[in-house]
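Worksheet: the structure to be examined is printed underneath.
We call the chains A, B, C and D, going by the order they appear; numbering starts again at 1 in every chain.
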Amino acid sequence: MSDTETTTSSNALSHAVSNASFPLDAIDTATLLIKCRDQAGIVQAVSEFIHRYGGNIISLDQYSTAHEGGQYFMRLEFALVGLSEIVDNFEASFAHTVAKRHNMNWRLHDNAIKTKVGILVSKFDHALLDLLWRHQRGLLDCQITSIVSNHPDLRQAVENFGIPFHHVPVTKDNKVEAEEQIHTLMAGNDLLVLARYMQILSSDFIERWPMQVINIHHSFLPAFVGADPYRQAYEKGVKLIGATAHYVTAELDQGPIIEQDVHRVTHRQSVIELRAIGRDIERNVLARAVNWHVQNRVIVTGNKTVVFN
Amino acid sequence: MSDTETTTSSNALSHAVSNASFPLDAIDTATLLIKCRDQAGIVQAVSEFIHRYGGNIISLDQYSTAHEGGQYFMRLEFALVGLSEIVDNFEASFAHTVAKRHNMNWRLHDNAIKTKVGILVSKFDHALLDLLWRHQRGLLDCQITSIVSNHPDLRQAVENFGIPFHHVPVTKDNKVEAEEQIHTLMAGNDLLVLARYMQILSSDFIERWPMQVINIHHSFLPAFVGADPYRQAYEKGVKLIGATAHYVTAELDQGPIIEQDVHRVTHRQSVIELRAIGRDIERNVLARAVNWHVQNRVIVTGNKTVVFN
Amino acid sequence: MSDTETTTSSNALSHAVSNASFPLDAIDTATLLIKCRDQAGIVQAVSEFIHRYGGNIISLDQYSTAHEGGQYFMRLEFALVGLSEIVDNFEASFAHTVAKRHNMNWRLHDNAIKTKVGILVSKFDHALLDLLWRHQRGLLDCQITSIVSNHPDLRQAVENFGIPFHHVPVTKDNKVEAEEQIHTLMAGNDLLVLARYMQILSSDFIERWPMQVINIHHSFLPAFVGADPYRQAYEKGVKLIGATAHYVTAELDQGPIIEQDVHRVTHRQSVIELRAIGRDIERNVLARAVNWHVQNRVIVTGNKTVVFN
Amino acid sequence: MSDTETTTSSNALSHAVSNASFPLDAIDTATLLIKCRDQAGIVQAVSEFIHRYGGNIISLDQYSTAHEGGQYFMRLEFALVGLSEIVDNFEASFAHTVAKRHNMNWRLHDNAIKTKVGILVSKFDHALLDLLWRHQRGLLDCQITSIVSNHPDLRQAVENFGIPFHHVPVTKDNKVEAEEQIHTLMAGNDLLVLARYMQILSSDFIERWPMQVINIHHSFLPAFVGADPYRQAYEKGVKLIGATAHYVTAELDQGPIIEQDVHRVTHRQSVIELRAIGRDIERNVLARAVNWHVQNRVIVTGNKTVVFN
């Protein structure tokens, strides 16, 4: 309790759950992601380029796997007054100079442009509601455009947030059409989030959203792949249960892991109780993973992720 | 993802967040809490008494502080067909025999009767919404009767859950009247929960709700008592921040601690980010504390708690 | 820092790592473990029996899987003056009355008699030294009789603790003889601990020590069974690494799990660093598991454990 | 268990407990620490300077408190063939160019030169032994020169590691002389570690070792300053206990915090058990703090630390 009601507007909190410091003002800041062969002079070249444009580096993270073939990864945030006007020029110039010279795989993201996110869900609402709450409080740095579910149950809960809800029933027979319908409804999004969507997406669908679909799996992968992992955990008698947020690939529950967490349990918990405890893990792990993705903190390399947070 | 939609009705999950196994059927089960001087034969006497009534012990927890004056605490859940009919007889008989013989301070709770809970809140909605959501899912083993706030902001969010919302403004001048109004509105509840209620309740008010008010303080008590603890934590440079659920007593933030938890932070987080991270700790810690209270798992002794979970 | 050197003798700490309260005096206390079909009146019958002998129940834990066939488990510690004189009489009487009536699978352990423990190790010393150090400090409630290693490296470190060290080299050709030699050296022990013993014991050997061999596996099982789990974890890109203490059965790394724990890692850690971080997890997890076993807190049921701690 | 004995020489593990990637070869790498006013072009200027010398940046961490007066902090590791020959020239040149231009507070550390560490201890051996074990395994990136204790008890344990042990008794009357003797014995060290040294060092002594003394305090500071914090924690009834590693300043237990951690406890643990659980926290927290310090990962700012790990 406290008599001083320091109610800071949570709209400033965009990056708050990201465990990373954030730009004072999203306008006029950009994020640069780089992937290339490890070599001398990269930091110098990049920072010198930004400096020449009058930019100021806000944060810089780098990682190199020198001991295994020497891949190099960089995430750099910088502030630059009037960025939006000169961003095209900046990109063109960067492409023909620094990026070319060092043979970089790179991407520039204007922080003023919010990532568009669509969410798929079935009947369990905990992961979905947690994302919607955080978004409403300004704690998820993206734009949630619409929700699709194979069940009608969550329409009211979703519409309370003023977000469109689409019911797309899925049966053995209409699976292809249903996925086509989902693909159309979700067109224009940068990211799809499976917030406990209990249908397996076809590899055709996945291929159209490469590293653009994040799933929350309700186990500590690679343990307990597939159906009803809490029952598997119960039957194995593990002393910790967990959840894993990962990019969806053609192989079930095998995509690059973004985030994981666990919670201690004992022999006393029934499968039903494990599911309930797991819900709290799932919603937090998924929220962290989505926030890191939309903040361009995640770089995929092989079947693993580099997360700059 | 999983094609098998094992959607277990979450309405069975009453005790799920309690980290403790639970009665198969709340009807016909009761919880007995005992506090007395440590002495031989207590378990024997109590279990023999219940056995005589045809009851079956579902769970039994005990704790004794033998090394300090020897206080003894017991929590016992038992099943007894037709309990409601014979509960008065049971209590009367227990009082005159076992309880009297061992000079026990005891309480019997029929698990079919749900604890009535009222919630006070200000502007921050995270702790409140989490309680309402868990309640709606059958994850909070109580009846939430109504919400009182000193701000109008959360009316819609609360009413979406079908629970009455009362706006009771508090100013320096009307504090006494406001508290009187709150007391009247909350009459009939067994427990009041301060879900980030940013007004200090008077000791007069507290005395009328002894060990019946649970507050969530946004620090790892006893560190950072009082206002804006996240700023205090930031300025101290601690490497973990926390939250504490405790019973409210006349002395600010000094009542018996029910539950605490922490989250790792670094020098990088601003005060605003600490507040955002803290929200996730607060809502979980408060939900656990409230659930343990309404399941009669908490016994207060001196300024500490015995929590059988 | 503190000028008051409150150096409490750590020799009183026998149960300290067990997260459970402990008998004031190990002499004259006993631990009773019971396993039977769930049924009414067990607590009453057992407590009444102990009461008749003038015993006082110090702690009582029970667990029943009512929802799955109804198995019942109890761990009960009681104090009884002059126990050692009457223990045989107590056991005989208990067997013919309570145990017989409820068809119990049971065991009585006089807490004055320390469990005899032998340790097998290879070259890594972290798990071994931690056990020896805890034992020396009175933090491991057992008697460590001797150490066997397939390498000579750790002789001096072991002998510094005044414990005999035996070097038993193991090759492809002498495996049978080596195991025979180990079995002979370890005869008389109640428990064998594999503190990073890097040889797979034959099923013949295991069968002679049923549920009497505890191994520390350096992964969060069931993930990463077999060789070099830290490399497997590195290649999978998990965000948490762990360790698992389990009873050894014929099937590699599949025995009943006693305890597990994890530690957060990032993409930055190399395999070598994962191994180093893992050491801290391994030594703590193994120490907890061994302590729970020697305190008779672990009951095996099927391929799972009930741990009363 | 595993038949493949992948016993990687732990001597490569120097930085292993640091949760940070480490130089492939400590020879020919250096660490540069910078503190200055936040301003544009710092990264560019520094990286360009290193590049001109043919150095390659291995890791770069930076942090700026833009929102509070704009302080800037950088830690940079670089590899440079033949560093030792040109290091003086490098420093002189850096001082007169980059450092001068940006008015930097800076320090260059040749990673080939190990930090010299002396340890003070009383009777509790857990924190001391853990440091000595890690050091022996190559997990502490420093040179431990000698141990001083105000009690003779730990001589044998220390000398088993081949490290000199000095007994310096401290009484009310000889405190000044004792500290003088300690200061002389410890002369030449870069860091003093108080591994549960139960004497309060005078401010005169502390002033001679500014931010060069690390203490492990056995509570989650700022809670429970001073004597017997585990008893304070017990009496407060907290649900988590902790330990804090901090630099020692004139004010008792108030210096800049380097690292903290906690462990969950319940009402069941006695003070003696809290002390035992606490030992495991203390030794890990202290080891991390010392490792970060000797790896030049800690920068003090005001009464807080920036830890690049």
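Quick notes on this structure:
We adopt the following convention: contacts are C-beta pairs under 8 Å (C-beta built on N, C-alpha and C of every residue); 3 or more make two chains touch, one makes a residue touch a chain.
Since the structure is predicted, the reported quantities are computational estimates derived from the model, not experimental observations.
Although chain A and chain D carry the same sequence, what matters here is overlap: shared residue numbers make up over half of all numbers found at their interface. Looking at B-D and B-C side by side, the one with more C-beta contacts is B-D. Here the spacing of chain B and chain C, counted between their Cα centres, is 35 Å. Rounded to whole angstrom, the centroid-to-centroid distance between chain B and chain D, based on C-alpha atoms, equals 42 Å. In chain D, the positions touching at least two other chains are 21, 63, 67, 266, 268, 270. Listed in rising order, the residues of chain B touching chain C in the complex are 21, 24, 40-44, 47-48, 50-51, 54-60, 62-64, 66-67. Put simply, chain C touches chain A in their complex at residues 63, 67, 220-224, 235-240, 242, 256-262, 266-268, 270, 303-307.
Taken together, the chain B residues at the contact with chain A in this complex read 1-8, 10, 12-13, 15-17, 19-22, 122-126, 129, 133, 137, 139, 160, 194, 197-201, 215, 217, 226-228, 231, 248, 252-253, 265-266, 268-270, 272-273, 275-277, 280, 284.
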